[in-house]
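Order as written gives the chain letters A, B, C and D; numbering starts at 1 within each chain.
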Amino acid sequence: MLFDTTQLVVALLWIAGAFALAIALIPLLGTLPPRGRFALISFVTFIAGLFFAAEFFLPVGEDNKNILTDPFQKMQGSLQVITALSLGLGTYGLVRLHLRNAVQRRPQWGYSLVLLIAFVVMAFFSIWNTMAEKGLFGIERTQLLENAFTLLFDYTLIQLDATMFSLIAFYIFSAAYRAFRIRSIEASILMFTAMLVMIGIVPLGKLISDSIGLPAVQTAEMRTNPFMLENILYNLRLPQIAGWIQETLNAPVQRAIEFGVGIGALAMAIRLWLSLERGIN
Amino acid sequence: MDWLNEFLPTSTERLNVWIGVICTFAIYSILYRENPFYRFFEHMYIGLAAGYALGPYLVDVLYRYWWEPIRIEGAWGLVFVVPFGMYLYFIYSERYGWISRIVIGALIGAYSGLAFQMFSSRYLPQLHGALTKPLWFPPNATGEIFLSNIFNNWIFLIILISVMVYFTFSFEHRGAVKRTAILGRWFLMIGLGAMFGNTVMARMALLIGRVYYLLDSWLMIRVGGG
Amino acid sequence: MEARSIWERMMRIDRRILYVILAVNIIAALMARVAIEPDVPPPVKRFYDTVEALQPGDMVMVSSTWSAGTLAENQPQFEAVLKHLMRKRVRFTIISFAPPARDISHRLARRIAEENGYVEGKDWAHFGYTPDIIIAIKGMSEDIAQTIRQDVRRTPIAELEVMRGIKSLKDYKLVVDVTPSDTLGNWISYRPPDLKILYCPTSVMAAEAYTFLDSGQILGMITGAKGAYEYERLLGIVGLGTRFINAIQFSHVLIIFFILLGNFGMLMQRRASAS
Amino acid sequence: MSYQHAEDNWFAAILIAFIALAVLVNIWRARRGKALYIRRIPGLDAIDEAIGRSTELGRPVTMIPGLTGFGVEAVQALTIFKYITKQIARFATPMRLLTANATVYAVAQEAIADAYNEAERPDLYDADSVRFLSSEQFAFASGVAGLIQRERIAANFMFGIFYAESLIFAETGNIVGAVQIAGTVSFTQVPFFVAACDYTIIGDEFYATSAYISREPVLLGSLVGQDLSKISFASMIVGGSMISTFIGTDHPIVQLLGKPQGWQSFVEWLSQVLGR
C-alpha cells in the first residue's frame, strides 16, 4: 500500500480537530455547577447502560438481530479503545506516584528511580517489538531488538513474574502448619475436608486405596444394588471420596454462593446504572 | 570439567539464564527477611510489567481499532474516541477530576447494561440444573437412574437450600431456620475445604515450576518425574 | 521462659526451617523416578472425549489469558490441548485477553505447530490481544472479521485461509479457556448458545467450577498441572504435568504431615499443662 | 445453554424485572424512612467481644482494609472500622488503620476523625494512626506484619477484598496472640481466615454487617430486595424439584424455569390447559 499522503494529511487534520474540540470543551464543562455535574455523569451512565440493556431485551428478527445489534458491532472498536485507555490509567497512576517520589526525594526514592528506568526501557523495547512484529512504518526486527527484548522479557520479566507468584507456596505452607489448629468445629470440618481432597485428587490416593485392597472397578452389578459390600468398599477409595466431596458436597455450596453473588451483582448493577450508589460518585 | 564451562555464563544464552536465576534468588531473599536486594528487583519487576503493557495497549489496540480504521478506511467518526477517552486522565487533577467520572460513568453504565445478559446466561442454567434433580424415580425415567443418583440429588438439594438460608438477612433466624442456617455454615466449611485443598495444589505447582527451571535450565540436571 | 517442652517446639517450628524442608522435599520429589498411574476423574475424561469427538477441519477457539505467573499450571494444559487438536487435524485460532499472554501463547503455539506440520495462517492463527473480553466475545458471536480485524501478524481476518467458511463464533465447534483469571464467566455469559466450552483453570479456581460442570455449562475441566498429567496419560505423551506430579503429591503429604504434627503438639501441650 | 437475547426465554426478563422491582421498591421504602429489618450478624457479637478483650490488655488495635481499591467494598469496610473506632474510643485504646490504596487512605482519615467526633473524644484522634504503607502487595504485607509484631497488638480487624497476602496478616496476628475478626467477599481467602481468626464474616454477610451498622437506605433496601429474590429462587428450586420428581424433568413448567427455548413449550402448554 503506497504511502498515500493526502489521506494521511486529512486523517491527521481530523484528529487534530477532535483533540481541539475535546480540549475546548473542558472550560465549558468547568462552568457546570456541582448538581449539573452529577446530572451529566448520571445521564451518561444511564444512556450507556440503556444501550446494552435494550440490545439484550429488544425482540429479534429471524436473523437473530434487533435494531441495536448492528450499531453495537460498529461501536466495538471504540469500546476496546476506551477499555485500553482505562487500563492504561493504572500505569499512569503508578508512574505518576513514583515520579513524584523520585522528584521530591521522598524516603526510598532510589527504588522509585529503579522502577521508572525499568518502565522506560521496557516500554521502548515493547513498543518497538510490537511494531516490528506488525511491520509498521517499515520497522524491521534488528538483532539489537531481538537480544534486548529476549533478555528483558524472557529472562527478567518472566522470571520475576513466575517467582513472585511462587512465593505464596512458602507462605501457604507455614500458614497452614501454624494456623490449622483444631480450635472450632468449623475449622476442623474445613481442615479435614481439605486434607481428604488433597490426598484424594493426586495419584497417591489411588496407590493407597489399591494397596489397602479396595476394589478398583465399579461393575454394572455393583451399580444396580449399591448396598453390596463391593460397592461400599469401592466408594471408600480416596479418589472416589475426593470426587464425591467435590461433585456432590462442594458443587451445591458453590451454586448457593453463585446465586448469592449473582443476585447481589444484579442488584449492584441496577444501583450503579441509576446512580443510586452513594459511596461511588 | 565440560559440565563446568557449559554451566558458567560464557555464551549470551547462558548469561541470560544466569540473569533469570539472579532475579529468582533476589525475590526469594524476602523469605529470610525484607532486604534492599529484594526491594530493588521488586520495583524493577513492577516497572518492567508496566512498561511491557504499553506495546500491546498502544500499538496492538490503538493501531488496530483507531489509527488504521481512520487512516485507511476513513472512519472519521472514530477520531473523537481517543480525545474524549483521554478525559479519564484528569482523575488526579483537583479542578477537573470530576470530568474523568464522565468516562468512568460510561464504562460503569455499559457494564451495568451487560449485567442482564450475564445474569440470564450464567445463573438461570444453574437454576434449571438445580430443579431438574428428581428426588425419587420419576415416572418416565429416560436414562438409567440409580439409587445413588437419587441419594446424591437429596444431598445436593439439602446443601443448596441450607447454604442459601445462611445468606439471608431480612428476618430473624430462630428455631428451625436458625438450625438450617448453622447447618448451612457447616456445609459452607466443606466447600471452603475443597477450595483450600485445590488452592494448596495450585500454589505448590507454581513453586515446583520454579524449582524445575532452576534444576533443568540452570544446573542442567535432567529431571525425571512420573 | 522455662525450657520449651518438646510439644511447644513441635507447635512452633520456625517458618524458615519449614521453607527449607519444603524446598528440599520438592527437589527430591522432582528427581524421583517414581511413576504412579492416576485415577482419571470424570471431568478430565469428558474433556478428552469432547476433543476426541471433533472431526478434521472443525474450528476451535483457544482462549489463552495466562502468563509467566501461572506458567507451571497453564503451560502443560496449553501444550497438551494444542497437541491433541493437531492430532485430530482440527483448525484453531488463539485469542488473549492479557498483554503478556499474547506473546507467550504465540511463541509456544509456533513451536508446537512446527513440530506437527501446522502452518500459521493456513491451519491456525493468533488473534493477538483484545482488552475488553465481554465486548470481544459478544462481537465475535456476530462477526469475527469486524471484531478482530487482523491477526497478530497484521493479516486481515478475511484473507486468512484458516478462516475459510467461518464468519462468527457460531461456526466454531468448541472454545477451550486456558486461564488464571475469571474469563470463564464471560465465555459462559456471552458466547453463542451451542458453542461448547472446555475449561483449563489454575487449581485455585477449580472448586468454584463444579457448579458449571453439574449444570452442563462446561463439558470438561483439567485442574492445574495435576489435570494436565491425567490428560497427558490419556494422550500418551510426556509433558510438564508428568514432570511435576510427584513433587505436587509429595508436597501435599508434607503439608498434611505438618498440620497433624502441629495439632498433635497442641493436644499434648494442652494435656501436659492440664495435668 | 446461554442467552443471546431475552427473547430466547422471556422468563429471564420476568425474573430480572421481579428482582429489579424488589430492590428498587425497598430502596424507595428505606429512603422514605421506613425501618427495614436486618438481623444482627453473629459476627458483630464477635467484634464487640474482641473489642472488650482488647481494652483489657490496653495494647493497640489494628484495622486492615487490605488491598481494596476505592469502591463499594472499601466504603463499607470503612463503615465497620468507624463503628469499631467509636467503641474503643470509650476506653482510649490506641488504633492503627493500615491501607495499600492512596484514595482509601484519604477517605479513611476523614472517616476515623468523624468516628472520634461522634464518640465525643476528638482529643484522641491522632493523624498518624491512619497510614498508607505501600501499594505493592508483598511490601504492604511485610509492612503490616512488622507493625503487628513490633506493637504486639491486642486485636486485629480485617475487612475488604484480600488476596494471597491475607496469609501473612492472619499468621502474624496468631504469633502475637491477637484476637482476630475478618470479613471478606474474596472466597479464596476465607479458608485462611476461618483457620486463623476467631470469627470470619463470609461473602454477603460482609454487606449485611455494614448495612446493620450504617442503616444506609440504599444498602438496606437492596439487601431486603436481594433476600426476596433468594427466597424466590429457593421456592422455584423446591417447587421445580417436586414437579421433576412426580411428573418429569421435561414438564413445560420445569423447562420454563431457566432453560432457553423453554418459553414456547410453556406458552403452548398453558394455552392447552386454559383452552380446556
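The rule is short, and it goes like this: contacts are C-beta pairs under 8 Å (C-beta built on N, C-alpha and C of every residue); 3 or more make two chains touch, one makes a residue touch a chain.
As the structure is a computational prediction, the values presented were derived from the model and not from experiment.
Colleague: Going by the touch criterion stated earlier, list every chain that contacts chain B and also contacts chain C.
Modeller: A, D
Colleague: Which chain's C-alpha centroid is most distant from that of chain A?
Modeller: Following the centroid criterion, the farthest chain would be D.
Colleague: A-B versus C-D: which has more C-beta pairs touching?
Modeller: More C-beta contacts join the chains of A-B.
Colleague: Determine the chain that sits nearest the middle of the structure, using the mean of its CA atoms as its centre.
Modeller: If one averages C-alpha positions chain by chain, the most central is B.
Colleague: If you average the CA atoms of chain C and of chain D, how many Å lie between those two points?
Modeller: Centres of chain C and chain D (C-alpha means) sit 30 Å apart.
Colleague: Taking each chain's centre as the mean position of its Cα atoms, how many Å separate chain A from chain B?
Modeller: Roughly 5 Å separates the two chain centres.
Colleague: Centre to centre, by mean C-alpha position, how many angstrom separate chain A and chain C?
Modeller: Taking the mean C-alpha position of each chain, the two centres sit 15 Å apart.
Colleague: Could you grab the centroid distance between chain A and chain D? Build each centroid from C-alpha atoms only and quote it in angstrom.
Modeller: Each chain's C-alpha centroid was found; their separation is 21 Å.
Colleague: Two or more other chains in contact with one residue: find those residues in chain C.
Modeller: If we look for residues of chain C contacting two or more partner chains, we find 19, 22, 36, 69-72, 100, 130-131, 138, 149, 152, 188-190, 204, 207-208, 211, 214-217, 223, 226, 229, 245, 248, 251-252, 255.
Colleague: Multi-chain contacts in chain A: which residues touch at least two other chains?
Modeller: Expected reply: 55-57, 76-77, 79-80, 83-84, 87, 94, 134, 136, 153, 157-159, 161-162, 164-170, 172, 174, 176, 178, 180-181, 186-187, 190-191, 194-195, 198, 201-203, 246, 250-252, 254-255, 257-260, 263, 266, 270, 280.
Colleague: Pull out every residue in chain B that's touching 2 or more other chains.
Modeller: Residues 30-31, 39, 42, 46, 49, 52-53, 55-57, 60-61, 65, 111, 114, 116-122, 125-130, 156-157, 160, 164, 167, 185, 188-189, 191-201, 203-204, 206-207, 209-210, 226 of chain B each touch two or more of the other chains.
Colleague: Line, ring, star, complete or other: which one describes how these chains touch?
Modeller: complete
Colleague: Quick one: in the complex, what on chain B touches chain D?
Modeller: So the residues of chain B touching chain D come out as 30, 34, 39, 42, 46, 116-117, 119-121, 124-136, 138-140, 153, 157, 160-161, 164-165, 167-173, 185, 188-189, 192-193, 195-196, 199, 203.
Colleague: For chain B, which residues are in contact with chain A within the complex?
Modeller: Touch list, chain B to chain A: 12, 16-17, 19-21, 23-24, 27-28, 30-31, 39-63, 65-66, 69-72, 74, 76, 78-89, 91-92, 95-96, 98-99, 101-120, 122-123, 126-127, 129-130, 146-148, 152, 155-157, 159-160, 163-164, 166-167, 184-201, 203-204, 206-207, 209-210, 213, 226.
Colleague: Could you please specify the touching residues of chain A with respect to chain D in the complex?
Modeller: Per the stated touch rule, the residues are 55-60, 64, 66, 94, 97, 164, 167-168, 171-172, 174-176, 178-181, 186-187, 190-191, 194, 257, 259-261, 263-264, 266-268, 270-271, 274, 276-280.
Colleague: Can you list the chain C residues touching chain A in their complex?
Modeller: It comes out as residues 13, 15, 18-19, 22, 36-39, 41-42, 67-72, 100, 103-104, 130-132, 135-136, 138-139, 142-143, 146-147, 149, 152-154, 207-211, 213-215, 223, 226, 229, 245, 248-256, 258-259, 261-263, 266-267.
Colleague: Please name which positions on chain D make contact with chain A in the complex.
Modeller: 3-7, 13, 16, 19-20, 23-24, 27, 71-72, 75-76, 102, 135, 138, 164, 167-168, 170-171, 174-175, 185, 187, 191-192, 194-196, 203-204, 207, 216, 218, 222, 225-226, 229-230, 233
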